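Some structures are shown below for you to check.
Consider the two complexes below, in which chain A is the common component and chain B and chain C are the respective partners.
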Partner chain A sequence: MVRFLRHYGTLMGMVAIVLVFWALLPDTFMTARNWLNITQQVSMLTVAAVAMTVVMVVGDFDLSVGSMASLSGIVAAVLFTLGWPVPLAVGAALVVGLAGGLVNGVLVSVIGILPFVATLATLTMYSGAAFILSGGKTIFGRDIPQSFADFAKSGLPLGSLGDKPVILPWLTVLALAITGVVFVVLELSTYGRRLYAIGGNAEAARLAGVRVTWLRLTAYGFTGVGAAVAGLMYASRVASANPTQGEGLMLNAIAAVFLGMTVTRHGQPRVVASVLGVLVLGIMDNGLTQLQVDSYVREVLVGLIILLAVSISALGRRATGRR
Partner chain B sequence: MTYSITRRGLGRALVLAAGFAALGAGAALAAGEKIAVITPYLSQPGTQFYVEAFEARAKELGWEVNVIDTQGDVAAVISRIEDVVAQGVNGIVINVDPSQIGAGLDAAAAANIPVVGMDAGADARIKANVTSNGYEMAAVTSVYIANRIGGAGGVVMFTFDAFPPVQVRGVIADAVFKNYPDIKVLDRITPDVSDGGIADSRAKMEALLAANPEPGSIKAVWAAWDQPALGALQAIEAAGRQNEGIVITGIDANPQARDAIAAGGNFEASVAQDFTGIGSTAADTMARVLGGEVLKANVIYVPTQLVTSVNAK
Partner chain C sequence: MPQLALHGVVKTYGQTRALDGAGLELRGGEIHALMGENGAGKSTLIRILAGLEMPDAGQITFNGAPVALTSPAAAEGLGLRFLHQELQIVPALSVAENMHLAHPYPTFGLGIVRWDALRAASLAALTRLGVTHIDPKTRMADLGPGDQMLTRIAATMIDTQGSLPWAYVLDEPTAALTGAEAERLFAALHTLRAAGQAILYVSHRMDEVLALSDRVTVLRDGRLVSTLMRDQVSRDQIIQDMTGRDFATLYPPASGEEGGAPLLEVRGVQAGILHDMDFTLKAGEVLGIAGLSGSGRNHLLRALMGAVPRQGQVLVKGQGIGQSPAAAWAAGLAYVPRERRAEGLMLHQPLADTVALPHIPALSTAGFVRRSWITRLVARLAQAVRLKAQSQAQVAAELSGGNQQKVLFARALAGPPVVLLLDEPTRGVDVGAKFDIYATIRGLTAQGVGVVMVSSDLPELIGLSDRIGILQGGRLTQILPAEGLTEGALLALCYEKEVV
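Take a look at the complex of A and B:
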């Protein structure tokens, strides 16, 4: 019971946040429709954060996910304007994501550049590439195929509530599916176990026969593809592609993973925990908007919550360490 | 020890919750119509003016206004529209290209909540967009340049096609300059605006000045908004080429631009959008819609004014 409370204190904080919003917004917050909205709103961030978790497991991180998300949206949109069918254009964008991720991997793992420096450099390169491909323009309107834009507007019918149909948005379904895939990779495969081993102690992992260089490299591949998927989801949601539109994803994804790490036993990045982190950010945005809290105050609050959760977790770990 | 750990876990939950309770208490007291203003661009000087004017007019109308800034994130605008639709506001005012937030407009339409655009763009789901005529403003400044340089010489353009309201300005300037056979557009630059646009525009202009060292080789700089014009002015002054008669124009007439124009240097003209008028007209338009009026024109233009050293102050 004691252990439970220590590990799940942040979780209880999250529950408390939900309860407070529920109490203050009795009619509109705890509704199926609002929760489906929230899952759709955070779907892109979920994919970005889950993808970010993979490299953070190894102890690295990736600053280029935001610009890769922008780039993948632009790649698909530019190919749409050239008349490519939707599946081919989307596939090409994912290939660009994989390639971009692997470039990061080579820079960090093979050449040995610090992740911060390497991915800061590729951040500007991918962002520049997005500007070059798009000519700085927002690609929208008739250039975006209806089927691509409709993806983000439709979903799986779940039945109806009153006279309105309840739909599980495809964006949510996709985010769940990708979370599931990454969960299997990280938690249930030897590949994932090895990534955690590298994150725990890279030298020990190497001596134990783990192919550290190769695994760190491939981890970036996952993050690159994840960023590309998030970027395509974003492009579908706004039915347009703009060379800067993914920018907000990077910091929020890192924040979500850190927030999630305060829930896990050893402060490790975990897929499910990252999703919880994303949900906290999404619920805060949704609830505080409905409460008409000033958007700048909201920013400060989100930062405070992250700091609060991380400091309490750090203090808790120190206390346990002393014992 | 056991006890203190238990308390720590609980404390964590309580601290997080306490902050919200305090915050929510103020927001729950509501009166009058609830209107949400949602924009990704609140940090732009123009946006601030019309949001403030909107709020001032809304106060007179007895509305409760919630201003939401998503800081450049367009998808977040959709999310916030969904949130305020769930909250049940009476009206929504947006300040972003409607074609990019279709999902949000659909949500508002499904709930029968009217949407008015404030310098946004036209869309069937928006009752009306209140704005300045970008074509007109660009025509005024580009023709000003063409006349000042006698229809001949090299012109540098600063444009930003990623933002539709600024893109239309570039289109007109292109057409005007093209109509003068002796005007040569030396470069059409899209500055990096992540730092506000002045610094990068200055750097780009410095490079162009270096590439065109002959006095008179650059006759004018046409900027689609004021920041690049200010950056170009700095570059020209830093290069010591302020006496070559290079004519600079901007659009928007922000306070910094007005100062520069009033000083009587190379920055000669800009066009003032009536931001205050856009804000208050948007509020009046929303009032008409809420009053049940069906609007015929889905774009409402608020007049603009050429600003030169005569009327800059």
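Take a look at the complex of A and C:
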């Protein structure tokens, strides 16, 4: 029973949440339109959480993903105002993400600063850089090219339901694609297996011939790019860039990975599990908003859900860990 | 003299019966060894003594009167003290503070510590144990594991109003100790015994048990097999009682004759304390390395693996190898590290992952891992080393010490290896698993694999090695044939002053 709860508690909780919302919102919740909407709402968080999973697999974490997301949006927007074409500006923002991630990697892996301290410092630096570049202002309106803003508004037509067309938003498609890529990298590639080995026992991995320093560094590079992508998706969605718009991303991404870890067999961070964690958070958010629950109450509830899931997992582990 | 006896103890966990009629008698003024293979029920019996588990059936009596050990506090109240393999210490605090962790600090009142009184109390306790070389002001982290253990024992002798201990339970106390450290511990145990204390001593090291114990209790499959008095105790008897089998000898005979081209050449290697390391290993040969603590014994294999910076040349089959663990594995060196949990295993991941890790390049195509290859490889190796596990997906943390070590042997065999580097290969491993490991080593040498084995277990070193190198102060002072060497002679060589 305990073992069952430990592995399936979070999943059962998710089903329960869905059922409750379905009962309370019989007309709007369990509709294709709403679910497509949810996938779009969580697409940025999905990318951030999947990127966070990569460093957490190694046993590290990255506090700077939120400010990196803001910074990448600002970089792209500032370049738009300078007249750069969309692909170039987006590419530049991604390069900034990669560079920022590698800086984190060097600090943690080469210099040996604790991840908490190193990424806390870069969090404020990247956030400050976003303010400097934007002059503290939101960049919006005519400065943002139409094609960039349109990306988030359109999608892949899936056919039609009744007389309304069903469209899978491009943001959802992108989030799925990135999840797929990271899944392949972590679960199937030799690179990913080595990252898991480092997370399992860094010294043992080193003695077994794994280049621990280098791989840890590159993991941060992945996360930096992921954060930049999430930031660009956000900027496209709101057709503007603001130096604080990525703020909520970091804590929610970490929360999603932790929620996911309650599901996996050995409590490891796994990509698919992280996406599940994102969905739990996204469904909560969607349902509670529709029920017009006050947003502060919503935050308390989301926090409680996370504590509940992790507590059940921890208690389950304690009960089954000793023979 | 106080006396604590357990009779007919039964303890069942779910389906498994961990204890099925186990018993034990502790008497003041005696050193009592508890022996048995891993899984024989030693730990469970100790957990019951410690009040951490309640037996399903059986009697416990103290000086003839029945008692119940319902909690750790009850066990402490009866005067029992437990020293675990992993010591509970606070490395950053001083010896004196560590000794007072479970006692009230002497104070001026208002929580202001009287440091002089704290140190004096610690010093008095250490002196009572006959330990004079530890300064209470030293940081705990600066002590070796042996001195840390002595400090922990001394801590139980600090005068407080509570009950004074009369019995000590030591679980594998010498597993992490060097010879000299162990000697100091034994001296302290003798002091305790002379003061009328009882000691329950759990160890896999036969020689220690034979030298120390007044009485030996052997468990097998949760049952009390025998309690032998000092004059009845013999190595063969204990092994037979533990295993239920009659081991003619623990060490299988050398099979092939070594010879041919050198597999491993070490030329002028220097790393940390090690210097002027020169030796050659031939195919099918086992080179044992003996040395005291501080002789560089712990660094040699790490240096060969490239895990610590080194100078000089290491050649495998005549080819120089690069200076990284990856290069060493690629060249055919396979390493079984000393600290299997810290340096070898990924404890909370499937055991197959640990086995496959160094061999990922050979187990993948175009950057993608081939799961089916790994499954097949691990299945074959698990059989070769006689690994007992539920499945390849079982996490290493759930395995016994002997099976954890077999996981690392499986990993070392996967290459297949040219030269096997073994650091304390049977430390904390029960007799049955030891025998399997020795058989594995012999099987490899028969196929022409060379082995360098560092061990502080001298009978093992003599029993398995073809030649033994003596390491003193970071230098190999001599390499001599193992045949005909006795433990005493080998130890004497290790202690010998260097001839200048």
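Throughout what follows, the second predicted complex is superposed on the first by the 317 of 323 C-alpha atoms of A that agree within 3 Å, B and C clash if a C-alpha of one lies under 4 Å from a C-alpha of the other, contacts with A are read in each partner's own complex, and residues count from 1 in each chain.
Note that a contact is a pair of C-beta atoms (placed from the backbone, for glycine too) under 8 Å apart; a residue touches a chain by one contact, two chains touch by 3 or more.
What you are looking at is a predicted structure, and each value in this text was computed from that prediction instead of being measured.
Under the clash rule set out above, the superposition-derived model of chain A with chain B and chain C shows the two partners fitting side by side. More chain A residues lie in contact with B than with the other chain of the pair chain B and chain C.
Applying the stated contact rule after C-alpha superposition, one finds that A:285 touches chain B and leaves chain C untouched. After overlaying the two complexes on the shared chain, residue contacts for A:59 are found with neither chain B nor chain C. In the superposition on chain A, A:91 makes contact with neither chain B nor chain C.
In the superposed model, A:200 lies in contact with chain C only, and not with chain B. Judged by the touch definition given at the top, the superposed model places A:141 against chain B, while chain C stays out of reach. Seen from the CA centre of chain A, chain B and chain C lie at an angle of 130° in the overlaid model, rounded to the nearest 10. Contacts of A:190 after superposition on the shared chain: chain C is touched, whereas chain B is not.
Minimum Cα-Cα distance between chain B and chain C in the superposed model: 7 Å.
Residue overlap on chain A between its contacts with chain B in one complex and with chain C in the other: 323.
The part of chain C that touches chain A in the complex is made up of residues 13, 302, 305, 307, 324-330, 335, 337, 342-350, 353-354, 356-358, 360-361, 364, 367-369, 395, 411.
Of all residues in chain A, only 188-191, 193-194, 196-197, 200-201, 203-211, 266-268, 323 touch chain C in the complex they form. Looking at the complex, you find that chain A touches chain B at residues 1-2, 4-6, 8-10, 12-17, 19-21, 23-25, 27-29, 31, 33-34, 37, 40-41, 44, 131, 134-138, 140-141, 149, 152-153, 164, 234, 237-240, 242-245, 247-248, 285-286, 288-297, 299, 301, 304-305, 308-309, 312, 315-316, 319, 323. Chain B contributes residues 1-2, 5-6, 8-17, 19-21, 23-24, 27-28, 34, 42, 64, 66-76, 78-80, 82-84, 86-88, 97, 99-103, 106, 110, 160-164, 167, 190 to its touches with chain A in the complex.
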